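Would you mind keeping the following structure in view while I ask a few things?
When the chains are written out, they are named A, B, C and D in that same order, and each has its own residue count from 1.
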Amino acid sequence: MITAGIDMGAKTIKVVIMEDGKKVLSMAKDLGGTDTRATTEKIYADALKKASVKMEDITHVTSTGTGRAAAPYAKDNITEVGAAAKGVIFIYPSARTVIDVGAEEGKTLRCDATGKVIDFAVNEKCAAGAGSFMESMARALEVKLEELGPLALKSTNAIPMNAQCAVFAESEVVTLVHQKTPKQDIAKAIHDAIADRITSMVRKVGFEKDVVIIGGVAKNPAFVEAMKRNLEMDMIVANEPEFVGAIGAAIMAVENAGVK
Amino acid sequence: MNEIEVFREWKNKRHEYAKEWKKRTGGKVMGYFCTYVPEEILHAAGVLPVRILGSHEPQNVTEPHIFAMFCPFCRDCLAQGLKGRFDYLDGLMIAQSCLHIRQAYTSWIKHKPVDFSYYLCMPHKVQSKRSYKFLKGELEVFKKAVEKWTGKEISDKALKHSIEVYNENRRLMHDLYNLRKAPESPISGEDVMCISMAQQMMDKEEHNQALKKLLAVLPKHKRDRPTGTRLLIIGSEDDDLDFLHMVENLNKDQYAATFVIDEHCTGSRYFWNEVPDDKDLLMAISRRYIERPPCPTKDWEERKRIPHTIKLVKDFGVQGAIVMQQKFCDPHELDTVAIRKALDEAGIKTLFLEFDVTVPIGQFRIRVEAFLETLKQEDLF
Amino acid sequence: MVEEYWRWKEYRWTSPDLDWKKAKHVTCGVDVGSVSTQVVIMGDGELYAYSNQRTGSSSPESAEKGLRWALEGTDLTREKINYTVGTGYGRVNVPFANRAITEIACHARGANFMYGPTVRTVLDMGGQDCKAIRCDEKGKVISFLMNDKCAAGTGRGMEVFADLLQVPIEKVGDLSFEVEQEPPSVSSTCVVFAKSEASGLLRAGWPKTKVLAAYCSAMAHRIFTLLERIGVEKDFAITGGIAKNTGVVKRLENELKLTVSKPKVDPQIAGGVGAALFAKTLLEKGKG
Amino acid sequence: MAEKKGKYPTEPLKCWEKAKQIREDYYKNYAKAHDKGGLRWAGGAWTFDAIPMGLGDDVYPITSEPYGASCAFNKQFSLRCLEASEKAGYARDLCAYMRNYWGSILLNEYAFGGPFPKPDFLWQDHICCSHAKWYQIVSELEHGIPHYSIDVAVGPESDINENKIEYIVGQMHDGIEFLEKTTGRKYNDNLLIKAVKNHFRTTSTWAKVCELNKTVPAPLDEKSMYSLYVLGTLQKASETVADFYEELYKEVKDRVERGIAATPNERCRVMSDTQPPWGFLSVFRYLEKFGCVSIGSLYSFGLIGAWEVDDKGEWVHRKTPMENKLTINDRDSALRVYTEWELHKPEWQHFYSPDLKSEMMIRIAKQWKLNGVMLHYNRGCEGLSLGIAENRLALLEAGYPVMVFEGNMGDEREFDMVRTMGRIDAFMETLELKKDFD
């Protein structure tokens, strides 16, 4: 059975095509933009092409992500939390704790061997613990987003930064810049601030090995470093971390196809 | 100035000091929250009371224990406990005041148990004549508990002595504060804060000796910068030296300013009044804590903080007030409006600032400089 | 490189009819804000030239760049400037400044010059923060209030938003009025959550203009509540970049039930103007 | 809306209208008190409301928490109230009931129409930091109304001793002097005795009603319980409320006997905690789509209900002093028994330690047969959110899945419906529940 999972993220949209919920046939993603429906249709077609399957070959489509209700093709949907757990367990059966930091939301969950969620937490009404925080910080520092992490790794100084608000924290950065603080130290301060936020959330849910990091921010080495330092343990950075949710949805689609 | 630096040292090395004290005396150390704790009784039992104050380090360990809407100070305190900074404590106690700090205490003893923990039911309605007898009764129970813990009785002689030591300490602090009334204060607010922080975490007799040394030289001491605008700092628990340092070290030609007095529990409120004479020692102690300058949680139905504050303003020649408050500190949020109104009516302009574990110095600096400009803008017009 | 919709136009200006050589005092005000930098040059307290550009990550350079640009094409040279006052976030890092004064004092003074001595309340919407200032007929600050905690309702917030909707920042205001009727304002106070809320609305098929209207009124309302706390006394002036955003200003006027004084010159330079005027006063008082 | 598929019969409560009527009269009587030469007073839902009753039968109270909640139901009005308080300089993170209430005074608008009826005196108790201070400020806003508050923060029920009781009783005696002085009326001890007895009936009977919810399927869901328990927060010591609860008890008992359910598709039982976001009770309706019913909470059971542990170790309604044959024959005995009774109030225990609350919550979870718990981290009430994070840990340790959602009971700006629903979806997934209908 061929199924598809669509992850309607806050910033990017990902599509995964799978066979029997066991083999990934293709993955595609793009920025959601303002007309998300059109974009999704484009990405979907793209994924089908990569997998060289036809629209009618797809038995069932399940969506997930912030905009999951508005996903085209999808017959039903699953929450980001559920999808993340399913996706991670598929790729890393030994995973018990998942840390998911996307563009506008930080999430963490604990699950059992079957991918059943035991407990979870989502960051509250401030985005300081999310990817977009990094973006605005990168802009304030005038470095490219992808340079921010490597830059931070160069620093060994800890500057306390009180990151209550993504945009407001910019003025703290600006102040540091004006005090002629080395950019790499500021970059590190930024990562420590986010890592502290996420760590707090992880501690709240509790964590056990193996810990897997997914979501766009997982690609940031400095963030991962800070997390390892905070939790005093090693953790797995999922490869293709952004697609885990879509994979979870595609697996869910197999189960759901059975129901209907 | 060395006579001041010793206090800074004690404050910086608070943990080393306590551990060393234990070795030296073989006594027990009691960590405590809130300045309503009747330290005289602990001192008489040969116990060293050490107040838990802020570390001002970002942390990520309290989220599972305290809901984020409670003040940063209580979370900062708990974090130090959970991180094991105070592992040398034999006991931990709190005197009933605000809900926020209470959680630091309850979560601490739950997850980092100590031999002896105690919740002292300090009455809230200190304005009721009934509170004296009630507190005395609570103190009797407390005294027994401490005796049971330490295994020895607290004699009246010992208690009298401790009361005298604490009263002397309070008198010396007043002598220190009085020097700040001079047109040119010989000491900065930052240094005074170091002294009162040390005061709350070390042996009072030792603190008294150091204070006497300081008071011997301080009157003749001349600071390297003018006192400038005379400021009052009033509000929540405050041990943020970085902030005081920033304010007192701005460009001295334009923004010279000095904190000449404070109204918060890490400063004047801690030592302001003495234990009165009374044959009934526990009643005497009860009277001292009931009649001290109140914490907002206990300042009702009448507002007694206001006349007290206005008197401080007059006595210390205050020209402007910085009203600081720990973020989410409800008790102070319930006083701020009335306090600012009263100060305004007394012709004192106020600047309100909300404190977190660390303060965004850059943003606060603009506010403070602008505030000082509003007090002295003559040369610009 | 994707287009940066938040990027507003940088520009400079020289007075067509003022001759600095006739001026007794040539003074300069440099406002190095967190987002933008203005350099204003005045002759005896009259505008001669100014530049307005984005602040770089080094304030000394931004200040230098701004000065060079302000002088560009004029026969004035920096040696001829008698006194310079720096203001804004980077005020202490202006290499050629004789003194630094906060932007709060400078905006009040600048507004007094640009909008007249009848101004009693000034709202300065800067990049990172929002200040409500009460002042007297001389432009002397009586009291002020700044937004805390979060940046919703700051110029920066608006930039982030323009970017999300891919609408040039200058067009935000006008576009926000292209709606049949005023939509409910976005409820979220956090800029970033307002962003996700907006993406949601877009997904739900709202036209950009409607989303803009919702955001502008949300921002106007936040500013309104800030002003309420300090109390608005007429005349009321707005300085800073946001003053150009009619989408916010008109809605704010509706909430306040009064009209905002219209500036004679670009409201974004108020801080620099105030600084240059203080420079003049300080010279006259022999403080130079 | 599609038909609920459910296996249980359901029917509306008969005494529903009566409950509504009592509430309406309550607010009307307060507003009109002066017309009949009566008196008006204001205080909290926990205040000793039996005491002012000794001033006469024409003395009408308004309790502030339920009033603040009433404001919250009307989102536009509430927003205006909240902003009025902020304009006056009061911080946004203070008690949301308090800010609605102050706003109502500042705007001089009564949530039930007309100008805000100014009370003649303020009668409050104090255990949460905001209690007495709330009325200190009300007194300031109303230009100096006489204010008296009683400190009840003397420790948990396990530590009750003579010294503690005397402290409170002493304040009560002083309070009665205050009442006589402020109103110029002679105090009537018989009215006091009658009132405290009603108080015992009300609080004990409400607990009996809650006990019935141990039944599967639950005869009541929490959403409806709110509209019933509120009467206890208005005037526990009134005959009307005491009688109504006895009538309510009979009806709910009958529902249990006939197997009438609140939620026809009940498959999953949860409890909540702290006051709900009043403007968004639809959250509970949303749960029902999953066959999930909230059968109550320590809040709805224990805010006014009086409880005790019986010899079988079960949590049951507290036997009244009358049943226990305690003598209540004069002012002092009335005040003493009243004080002791109140010191056992479940919602007063956690002020001294979260463990005491966790223990009670786990009791409820066990005895009311719960599958999970939904904790409302309530930004609007620091008193009831006190120690809630520790409660969460304890419940998880006891093996109950817990969902946390942040919000505010009386400030809609701090509650995000969409995000909360999203969270519920995820929680329901973990409980392996699918929607029965949309």
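To be clear about the criterion, a residue touches a chain if its C-beta (ideal position, glycine included) is under 8 Å from a C-beta of that chain, and two chains touch if they have at least 3 such contacts.
What you see is a predicted model; the values in this text were computed from it and never measured.
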item	value
B-C or A-C, whichever has more C-beta pairs in contact	A-C
Chain A-chain D separation of Cα centroids, rounded to whole Å	42
Averaged-CA centre spacing for the pair chain D and chain B, given as whole angstrom	37
Of all residues in chain D, the ones touching two or more other chains	89, 389, 416
Residues of chain B engaged with two or more neighbouring chains	63-64, 362-363
Contacts with 2+ other chains: residues of chain A	124-125, 164, 171, 174-175, 178, 204
Pairwise touch network: line, ring, star, complete, or other	complete
Touching residues (chain side chain D, partner chain C) in the complex	83, 86-87, 89, 413, 416, 418
Contact set on chain A toward chain D in their complex	78-82, 116-122, 124-125, 204
Touching residues on chain B, where the partner in the complex is chain D	63-67, 69-70, 96, 98-100, 102-103, 106-107, 110, 119, 121, 123-125, 128-131, 133-134, 137-138, 296-297, 300-301, 303, 328, 330-331, 333-338, 340
Interfacial residue positions of chain B with respect to chain C in the complex	251, 254, 349, 354, 362-363, 366-367, 369-370, 373-374, 377, 379-381
Residues on chain D engaged by chain A in the complex (per definition of touch)	389, 396, 401-402, 404, 406, 414, 416, 419, 422-423, 425-426, 429-430, 432
